[in-house]
Structure formats: C-alpha cells, structure tokens
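The same chain A turns up in both complexes below, where it pairs with chain B and then with chain C.
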Partner chain A sequence: MNPVTEPTLPGYNFAYLDEQTKRMIRRALLKAVAIPGYQAPFGSREMPLPYGWGTGGIQVTASILGPNDVLKVIDQGADDTTNAVSIRRFFARTAGVRTTEKVAEATVIQTRHRIPEQPLRDHQILVYQVPIPEPLRFMEPRETETRKMHALQEYGVMHVKLYEDIARYGRIAHAYDYPVLVNGRYVMKPSPIPKFDNPKMDRMPALQLFGAGREKRIYAVPPYTSVKSLDFEDYPFEIQRWNQCCALCGAADSFLDEVVIDDRGGRMFVCSDTEYCHSRRAALPRGARESGS
Partner chain B sequence: MYVAVKGGERAIDNAHRLLAEDRRGDPAVPELDLKQIEQQLALAVDRVMAEGSLYDRELAALAIKQARGDLLEAIFLLRAYRTTLPRLAVSEPLNTAAMAINRRISAAFKDLPGGQVLGPTFDYTHRLLDFTWAEPHGADTGTDAATGKTLPQAMPRVLQLLDGEGLIEPPRADAPTRPVADLTREAMTLPAERDLRLQNLARGDEGFLLALGYSTQRGYGNTHPFAGEIRMGEVAVEIVPEELGFAVEIGEITVTECEMINQFQGSAEHLPQFTRGYGLTFGQGERKAMAMALVDRALRARELGETPSSPAQDEEFVLYHSDNVEASGFVQHLKLPHYVDFQAELELLRRLRANASDPSPDADPNDHGPKP
Partner chain C sequence: MAYSHAVTAPGFDEPVLQAQQVFRALLTAQSQPGRIVKVDSVATLPPLYPATMALLLTLVDRDTPLWLDLSPSPWEAVSSHLRFHCGCPIVTAPFDAAFAVLSRPEKMPDFSAFSLGSDECPDRSTTLIIQVETLLEHRGRRWAGPGIADARRVHVAELPEHFWRQWRNNHALFPRGVDVIFTQADHLLALPRSVHVAEDN
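This part shows the complex of A and B:
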C-alpha cells in the first residue's frame, strides 16, 4: 500500500472521533488492560460504518491512533476483502495515517476473524472486531446474569457445554470463537477467529485489544499474558489441521481457505492470510512462483 | 483456475458510482431539493429526526435524499453525524403543558377544558387513493382550516383532572438527585430506571415498538390502556447558561406526547389506581408515541409488583433490541465474508459426520488429496 498523501476529511477531527470520546475510550482500554479478559463497558458511539461491521474495532483504533502510526487492516486474513478496504480507507481519509499490508511494518493491526500467521512483536497492537463479546451468551441470554457469573467466576455452564459436546460428538464442537481463560481468571471470547489461531494469543508479545461497538464492551489481553483454550485433561485442546498445503505458496503451517473451483466438487486450499502467502511466493525461486495460479 | 478475489478497492468505487447514478435516477426528471423533502415529506423527516436523535429538519431531509428514501439508512446517517457534535448544554425539562397546541385529543373524556382539537390528522380520511394528487395541486385554499378559532391558551393536561381524586398515580416527582441517564454517552446498565428506558424507547424503532405495543393489546402483558391524552405542537427548549443562572429559550421544537391511562388492580402496598404510560417523539409521530406509551407501561411491571411474563415486559429483551441502527447493522453484517469461520465449521462438520459413520479415530474426512 502506498503512503497516503491526500488531506484528511475537512470538518472532522483526527481519526473521526472527538478528543473527549477518545479519552473516554482510552479510559475503558486502561481498565480492560488492568483486568485482563474483563469486559469493560464503554459509551460506544454511532460510527459512520454500520454496527456489526467493525465499529468496536474502529473506535478502539481511532482512539489509539497517532499520526506516526502505520495501520494494517485485515478481514478473514486478507487485506483486500471489501470491508478491510473500506476500514483502511476510512482511516486513510480521517487520520491520514500510512497504511500497509506488511505485518512487520504495522504498528496497529485491526482484524476481523484472523490473527496474522507471522508472529507479532513488542510494541505492536492487534485490535479485534468483536460481534458478541460475552462467552456465556448462548448459554445465558441475559446480561444481568452473565455479569454476575463472571463476577463469581461461575463458569460451570461453559464446562458443562464442552462436556456435552464430548458426550454427544466425541469432541468439542467449537470450530471458531473457541472460549479461552485469560490470566487464570476471566473466560473470554477471542472473537470469531478459528481455534487454529487461539495458541497465538497465549503470551503474545503484542497488546491485544478487543472492541465490541454494538454491545458497548472493550476487553484486552496485555502482552505476555496467559491465554488458555478451555479443555479437559483427557480431551486436550487441538487445532484444525489439513492434509494439504497451500496450493499457491506451499505453506503447511497456515490456516487454509477452501476454494471451490468448479461445479464437480473440485476445490483447492489456499492461505487465508494473503500477505503471508504473497511474501512466501515472493521468496520462491523464479519460475516456481507461477505454479498453482 | 483460481483467481484471488482482488480489486476490492475498484469494486467499491464502482459500487459508489452506481449508487450515485441510481440516487439521481432519470436526469430528465427534476432533482428533489431539500425544501421539498422537508415540506412535502414532513412525516418522513419527523421519523428520521426522532429515531436519529437529532432535531434538525434540514439535515434529516438531506439524509433522506442521500439515502434514496430509505428511512432507516437516513436515521443511520443522522446518528453518525450526531456523534461528531459537541454537547454544549443540557436543556431544562420540556414543559409540554405550555405547548402551542396543533392537536390535542383524549379518548377518555367526551369533552374537557380546552376541548378536543383534531388538527392535521389522517384519522378520519377514507384511505382512497386520490388521483387529483397525481398532478401538481398548487397552493391549497384551506379556507375551512383558516376559519378555525384561535385555540384557548390554557390546555390543562387530561391526567391532571383525575389527579384530584387520587384515581391516578401522581407523576413520579423524582427529585433530581442524579443527572438523567444518557445511553448515548454511557453503556446501558440493567436494571434500567425509567429515564433510561424512556430514552431508549424514544430512539427505538417505530415498527418494533408498534409490534410490542400491539402484543400487549393481544394479551401478552395486557395493560388495559386508554389514550388519556395525545397532544402535538410546539414547545420551547430552554437552557440555563452557567454564567446567567436563569433559563433562556433557545428555540422551539415540535413534539408529540401521549399519556396512556392503564388499569391497575392494586397490590399489597397500593390501592387500585390508574397508572401511566408515557410516550414522546420529535415532530408528528403519533403512532410511535402511542406504541411507546404502551411499552413504557408494560416495562413498569417490576416497579408495580407485576410478574413479567411477556416480551413487552422484559426489560432486557426490549431495551437491547429496540435500536434499528444496531439491529440493521448486525443483521446485515451477515453479508460480510465469513469464509474463515465457515471453513472451520466445514472441517468440523465433516469430522462429526465421518465419526458418526466410521468411529475409527484415523478417519480424516477433510482429506481431499493424496496423503503427504
């Protein structure tokens, strides 16, 4: 991505939100960082993008962004999906910050549904867009109840749910948004990332911030904090695996998307993290690059 | 073969261009101007202002034009703009008793001080498509309307008339010991007090409140309502600037107010008495105000010692699902790509199905190629 040189949107503050609102959000962020995994309520604002399309992540990003930051935005692992493009443009327009597709260059990465394959480092911030922040929601629809359950660390229903999966299906039937225990205290939803990404959250050097705009909650995992996927001793947590490698770059260690290529059941598997895939292909010897495309 | 879905940027630009084209429609047809929308689609403007939580007719008209007449989209536009506005002051409570009345009716009394004033209402029109409106009408003569007598200044509230006998609960005179809640500034907390509930309902989707209010009439939390009074007109908005210390009027807004009278059987602590449900909207929004009053009363179940048993009485259910900007966004976010989660589910489902037919642990249903 080229550095953005166009002027920012006239009539609006840097990164859209006014400074008071940013301060309010930063207070909620501080609280969230101080209590890892705790869902801090915040006065979420209406944003010019629809609820459910990343307003929580956008508000978090808007309130932490400075003029020298470099922003990367991904959706489903890809930089070029329409909503990622739209959010990246929003910040290019309202904050004039430099944007990038390279993980290593970015200081702030806003994501929906994936963690980049390339490990993050110190002083990077990963901002997750969260649709439903409450891990107990589908067992208990009432917020008044779930807040109490968190306060009392009453997570029995969650363990029962996982146990019932095993009793019924022989395994834990959670493929994404797989619940985790943060810092040994709060059960937390990692947002709808595939469980493949869960191990990356554990003791990640980067700061992880989670914004749920419509539900008006912010939570966080500070750097190097323990994040444990819930499981049982005899049924340990395991991640998805494929027998294929990426058809484009040959990676055997990345999350693969299945792409239907004809109407006769033909399909191929490719990296969901497009930047990872590109950089691997760029590193391939000449001649080998075109294979698979 | 596989072509990565590239070109999101160009696709978005093209979509915006198509939208702009469609918005304008046939260039041979004159373009709408905001004044036309403001004047001739006034009720659309009212709804957008009410649910957009911003009283500005011109901006609402602009939002309607930009949204191609999609009122929920227009409400969203207005809300997003509202976010960026500074909060300069908090007004004094509106005194709707001092309203300059355009319409005022009571279904509870045949006649009353101040009289019944129908005002501009669809109520007794026959819903016959009037083909004369297909052509420009010119200025309406409106001779009859103009002959209307000047309305009396004093229009006492209907519910006050019942107050004397103690037949109706007094309006709760909460001493302003705490600032009024504001869910646009702080996340809503439950259980919610009535101020917060009313704010939520005032911003809430008219269709949602209409359906909920209707459900109470059909037995899902019946409140035995009477339309005690509905009034619509202009009220003054006042603020008290700190440096002055007294109230000054900063403008007038049109509002519709509905006070429902609801039967109440009494409880261990309270004698049988009529109770109140309250609805208020910007502009002319009678349907919304009435629905809101029904739902407000239903939501007072806890406070009045009734056992909540129906959706309209369920505070969490109502308050968390009333906002159409939230609802519309989240429902429509299903259009966004979900292929990572879908892939994860595919993998899981194949595994579960394979396990059911072949319980051997080595069976790998996600194996579509030769084993490495």
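This part shows the complex of A and C:
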C-alpha cells in the first residue's frame, strides 16, 4: 500500500496547534533529549479529544511534523482500531501529511502501548502516548517529593515494589509499563507497553519521544541510549513467552494477543502488531496462506 | 534607552513551515550530537550567522529571555529586530537568560555565569548558541554519550582553551548544566550536556 493523502481542513494552522504552543513544546523536547529520561514539564493544551486518548502524543507529533513526513499510528499494535484511525485522520486533515501502515515507509510513528516488531531505523521518530509518566507516583503521590527522589537518584522504593512482587508471587509480576533505567541515571516509565517490548528500547537507532497530556510532561530517549529494565541479580528481567505461534502468520517471535473466538471457550493467539502479521501473511505462498487463516 | 523601530530585515518567508524545518534539523542535531546539519538560509543581521538567526526565530518568544554578547551598535540593531520578530525580552544578566547568543567565543563568560538549572528542575538552564568559524566532522575530539552509537570525532575551531575544561565540569554536573548549539554560516551542531568529550585530540 502506498502512503495515502486526504484533503485538508481549511481554517486550522498546520498540524492544528498554534505556533506559540509548538515553540513551547519544541523547547521542552530539546531539554528532554538533552536529559534522557527526565520528565520535562510543558503547558499541555486542550485538544479536540479527551485526555486518555493520546493528547500528549498528539501534541508532540503536531510539534515535530512537517509536510514531508509520513505518519503511522498504532493502538495496541493495530493500525485499524478507533484511536489509531482517528489520530491518523486528524493529522491527515490538519497537516495534509501522508499516512501509512508500513513501518519502513513511516518517518514518524505515534504509538499507544506497543513498539512495532520490525526494528526501527535512525531517521525515524517513535512518539509514545503516556497516561502516567511518573514511575514513583504510586509509591509517593507528592510531586515535590518525587522530584526530589529523581534529583537524589533515590530509587530504593522502586526496587522494593519489585521485591514485594517476588515475596508475594515468587517472581516479578509486572507485565507492562515495566520501569527502566535510562542512560544509567533516571528511572522512567516506558508507557504501558508490554515488558516484551522493553528490550527494543535499549540502544534503539530511532529517537523515542514520550508525551503525557493530562500530566503535562514530555520525556525522551535519544538514539543508541542504554535503557535497562530494573531487576535483581537472582531474579533477572524476563519477557513473556508463549507456547503458541501466531495462528494467522505463524510468527514465533512476536507479541501475541489471546482472542476469544466463540462462546464455548474457543480461543486463538494472533500477532498484536497487525501490520507485521499482514506482511508476513502476504509473503507466504498462496496455499499456506489459506490453510493458515 | 533609545532604539530604532525600523525593521531592518525580514524574518522567515514561511514562518510555519520554516520554523518546523529548522526545528527538525535541530532535533536531529540534538539527538545525534556531533552530526552537522544544514538549515535553510534566512535573512540575518551581522554579526549573527543565518543559522543563529534561524534558531532564534524558531525557538525564542515572549517566554524566553535572551542574552546577546554583542557590542553596543549591533546589539541595538539585533535586539530591535528580535523584539519585533520574536517578542522576546532581552536581558543584561546572562543568568536570567533561557537562550544566550555568543558571537565571540574567545571572550565568552564562564558557564557559571549562566543558569545551570537545579537538581529538581535541570531543564531550567540556559542554552548557549555559540558562533564559531569552523565545524568539522570525523576529526578532532572524541564525543560519546546518548545519541552516539559508538563515538564521533568533532572539531570546533576558535574556542578558548578553558572551554573544554569547563565542559568537563558541565558534564560532571549532569543532569544540571548548559546545552550548547554551535553555529557556522547555515550549519549547526549540538552538544547537549549528556555528551562526554575526551581530552585528547
């Protein structure tokens, strides 16, 4: 599929936001890149959709996007779910940018809760939608205190949290939004991606930007930056594994969603990254494709 | 203080699109330190390079106090130009500035004259835009850190002796510290505080 263009809406500035807002967000982005993992405050604006629908990610995307960009938007790995479709159309209409579902064609990828299976390259930018940016928030509700804890690198409570999992369940039970240490300095929430995706963040060639609209924070991981998932020597970080392969494309290396297919307990496992699954199926020989689906 | 209201040079021809292009070039530079990027040429006033002017038109506005190291006569012309195009306050104390333009790096003040941010809010530091005569990749000092796959060699000419010694202290202050953007004609190169620069050439 070639990148698509839609007719743009008249009466809006390019990419919806006014220039003053873009400058403010751009300055926050530059600071965020200079201090990897640090949550830079920004004056988040009201957007034409509610908080929780990716307003932070949208404001970051709107501030970096240019007419020559090609935008891909995913929601839980899928290009065709409500959040992804509406954000993609928002930018197609307000910025006139081309949109795509193919990772390789995209220059900017906005994501809710997944990192594409296909490795990203160094000219690409991955924009995450973040609900709660502060990793220490559930242990310490006061912003004044969490700021101090970051300043002093006082991250003991984070390890206690993980240790409590081990004491209670015999393993670290965090499955998503698994805390990471960025560049050996800041503990950061990677947004609610499955911990399966955490290793992809480490020394990723693409620039990673994080936008939290309601919480008014922007943070970043520059290319080739160390991103280490927190763990213990005797309880090392592990990612999810499945006994199944994807029921549609046969992938054994991708993150699988369990899908209920009837009311008699029938279920199947399929790739969460729909574009990865489609491209793998398209590459299969015809006979195999039919028996596979 | 008297200054001329005459606007001596135009700003961007296409403010929205050019600001976006300059910002993306800078974002590339900032996230890949040591990589020289080019920006579209823009009308400027001496002694500011087109790249310096492009950065100011892109980043500076009423929220960002600006400090200029210019001598009195260009100071007035440049200040009045930037007040018109960006609406930014021009400050006389470097410590108050969000951005500082240094056109004479050999005479630049110590980093401690600028805001270094605090441990809680390291983002509240000054960004220095330093004009130099030569920027070269693949030779010179060895840069390493976030955004650099292994190491990059970068040569920045015309910097005073103490600059790199100060840079070592600045890097040691991390996450506090200033960020630097070097400009030369219509090229720029970023040196964020996260980058470690080795001593040897």
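Rule of thumb we're sticking to: the second predicted complex is superposed on the first by the 285 of 293 C-alpha atoms of A that agree within 3 Å, B and C clash if a C-alpha of one lies under 4 Å from a C-alpha of the other, contacts with A are read in each partner's own complex, and residues count from 1 in each chain.
Operating definition for what follows: contacts are C-beta pairs under 8 Å (C-beta built on N, C-alpha and C of every residue); 3 or more make two chains touch, one makes a residue touch a chain.
Every value quoted in this text rests on a predicted model; they were computed, and no experiment measured them.
Clash or fit: how do chain B and chain C relate after the overlay on chain A?
Verdict on chain A: chain B and chain C fit.
Going by the contact rule set out at the top, does A:222 touch chain B (first), chain C (second), both, or neither?
second
Once both structures are overlaid, what angle do chain B and chain C make about chain A, taking C-alpha centres and a multiple of 10 degrees?
80
Using the touch definition from the top, say if A:13 reaches chain B (first), chain C (second), both or neither.
both
Return first, second, both or neither, reflecting whether A:185 touches chain B, chain C, both chains, or no partner chain.
In the superposed model, A:185 contacts chain C only, not chain B.
According to the stated criteria, A:280 is in contact with first (chain B), second (chain C), both, or neither; which is it?
The answer is neither, since A:280 touches no partner chain.
Check the residue A:44 against both partner chains and state whether it touches chain B (first), chain C (second), both, or neither.
In the superposed model, A:44 contacts chain B only, not chain C.
Contacts for A:27 in the overlay, against chain B (first) and chain C (second): which applies, first, second, both or neither?
So A:27 only meets chain C here.
Nearest approach of chain B to chain C by C-alpha atoms in the superposition, in Å, rounded to an integer.
Shortest inter-chain C-alpha distance (chain B to chain C): 10 Å.
Common interface residues of chain A with chain B and chain C?
13, 41
Tell me, which parts of chain B touch chain A in their complex?
Residues 1-2, 4-9, 11-12, 76, 79-80, 82-84, 86, 184-191, 316, 320, 325-326, 328-333, 336-341, 343-348, 351-352, 355, 359, 364, 366-369, 371-372.
For a test of understanding, state which residues of chain A touch chain B in their complex under the given definition.
Those in contact with chain B are residues 12-13, 16-18, 21, 41-48, 50-53, 55, 75-78, 80-86, 89, 112-114, 131, 141-144, 169-171, 173, 175-177, 192-196, 214, 216-217, 240, 242-245, 247-248, 255-259, 261, 267-268, 270, 272, 274, 292-293.
Report the residues of chain C in contact with chain A in the complex, numbered from low to high.
Those residues of chain C that touch chain A are 15-17, 19-21, 23-24, 26-27, 30-32, 58-61, 63-64, 98, 118-123, 127, 146-149, 174-175, 179, 192-194.
For chain A, which residues count as touching chain C in their complex?
13-14, 19-20, 22-24, 26-36, 38, 40-41, 63-67, 122, 147-148, 150-152, 183, 185-186, 203, 205, 207, 220-225
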